[in-house]
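Both complexes below contain subunit A, partnered by subunit B and then by subunit C.
Right, the complex of A and B next:
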């Protein structure tokens, strides 16, 4: 927990996923003594974001051509994992912070998972944490409902002088169609000559889980802000919000 | 001579025994300045940039794709 330094919740929308990913990967650069925690939430048109290991697949050029023809440009992120589709129904969250000396990878993951769990609880949902091995981009900090993956987390650590900076990122399926996401990932690996099945039954969305709430990314973000304001997370109990582009910052009393 | 090490407390080796050196950003024998990002480790879905603790000549101990654990020496920096 970072005491006495409220995080900024930055809500931003980009015209390309590449711009959003770049913003996320540069987020830690804005950290400093006066702003040791930043929380970025961003959205962008659809793209398939690869992990580093995906760049070594046997037929990446063919996969790139196939996916781009289908409207899924390929990007490569600096954090780990494998291919993860993003788009209008998914929400990208990145929690950047200065890491104290004894801060671990799991501590970083736990913070962001805690934020998501608090919002899930506001919908009456109990998120599960653990690897969804048959979903895309599986990892030990997957977040699931009934064993079906709802969000995946990854992380990047950087050093700036004596400071250790950690950015933990989540890709959350708010309302995207699991069939579309699964088909995108399966198509990519098939064309890359490294087929791996990806069934939509391994995936979930918040909108599917609580249809009565008609969850959208905007509604989710409002609940996230409310959760931070209400102190229902391990992060500080106040924050301010920068709306959409980040150009006009709206300070909200919480 | 200065060791370039993986921080001891970076991850729980009981849960994730090993990571890998995903990239070296300098070649063996290169002169590197203090603070330069030398390498990138990958541990499950986490990446970790390793910075040079001192200036010197880089001597790589663990090559790209080699495995590492918390506390591993991945390189040495020779001074002078």
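Right, the complex of A and C next:
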């Protein structure tokens, strides 16, 4: 985290996912010397957020019709990756910061993963980092429990004048039904003529992991705020990422 | 003989014998990004001022805007990247070039690095 500048946590709820995504994508625009780090947490009704590469699938119009008829409007984000469903029970987090010249992509991912791990630790959970290859939107910085994806991270780099800005975003499944999320993604790719199996058994939620806590997005956010206030969010030096194949995983220990 | 320049934003600009400049991202940049899955390129004829957003490159897990390292007018975009974006990974300074442009102010090249200076710059980041 930027020394001496704990992130300012902004909690927002939107009437559409499009509005939330727009807010997230404009977040870095509010950064400056006086505010070098911002953390946005937002919720919105359900939508399927695509990566740009998804827009070139063979039958996108048919997939759009099918998903919209099922109540899943399609959006496109500017932070890479592939289709990721959001909605009630999922929490969107975006950490925007000014990046020094030697600040790397992995450093940005590590910061947000560290924030999530701090909250996970408060529930007695040790999150794993590494690609969940058979879950939706797989990536090296997937966050999982017992190999089942709990959150996916993506990142966008921008420049404003001499400032390098990076926004690292996470979509965290707090309490959404993995079956619903998996079905949405599988339906999208099947109708787009690019089938990609997505089993709900590859997905997880915090509510499933610690049912005794009855975790909600509001409760998670409170713990996140407590964690930030308590300064328990720095990334440990032992944190590393899995290799490209996702064959190894490493717990983030705080 | 073509001369190549580098920016601290990990772009390269190769000035060909005919004065055309070819622009792309460096090997370091493509390694940082990982597997490139999408490239949005500027339209032919677009005027770019130094620092303008010129392109967008997306990998499996990150997106980065590519800014014009020098000013000029786009003369050609590498359409091969539309169907084969991983050319950026396979040959960042060859077939993975982004666009060509005519320079409007060649003196802007003086602010860029030569290959040796860029290599030192990258070593300093590691």
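Here is the rule we go by: the second predicted complex is superposed on the first by the 233 of 254 C-alpha atoms of A that agree within 3 Å, B and C clash if a C-alpha of one lies under 4 Å from a C-alpha of the other, contacts with A are read in each partner's own complex, and residues count from 1 in each chain.
Here is the rule we go by: a contact is a pair of C-beta atoms (placed from the backbone, for glycine too) under 8 Å apart; a residue touches a chain by one contact, two chains touch by 3 or more.
Keep in mind that this is a model prediction, so the values were computed, not measured.
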Overlay on subunit A: subunit C relative to subunit B, clash or fit: clash
Which superposed partner A:141 touches (first subunit B, second subunit C, both, neither): both
Which superposed partner A:78 touches (first subunit B, second subunit C, both, neither): both
A:156 touches, of subunit B and subunit C: first, second, both or neither? both
Which superposed partner A:105 touches (first subunit B, second subunit C, both, neither): both
Residues of subunit A at both interfaces, subunit B in one complex, subunit C in the other: 51-53, 78-81, 101-102, 104-105, 139-141, 153-159, 161
Complex interface listing, subunit A residues touching subunit C: 51-53, 56, 78-82, 101-102, 104-105, 138-141, 153-159, 161
Subunit C residues within the subunit A interface of the complex: 8-9, 32-34, 37-38, 40, 51, 56, 58-65, 67, 82, 85, 124-125
Of subunit A, residues touching subunit B in the complex: 51-53, 78-81, 101-102, 104-106, 137, 139-141, 152-159, 161
Residue numbers on subunit B that touch subunit A, as the complex places them: 9-12, 15-16, 22-23, 35, 37, 40, 42-51
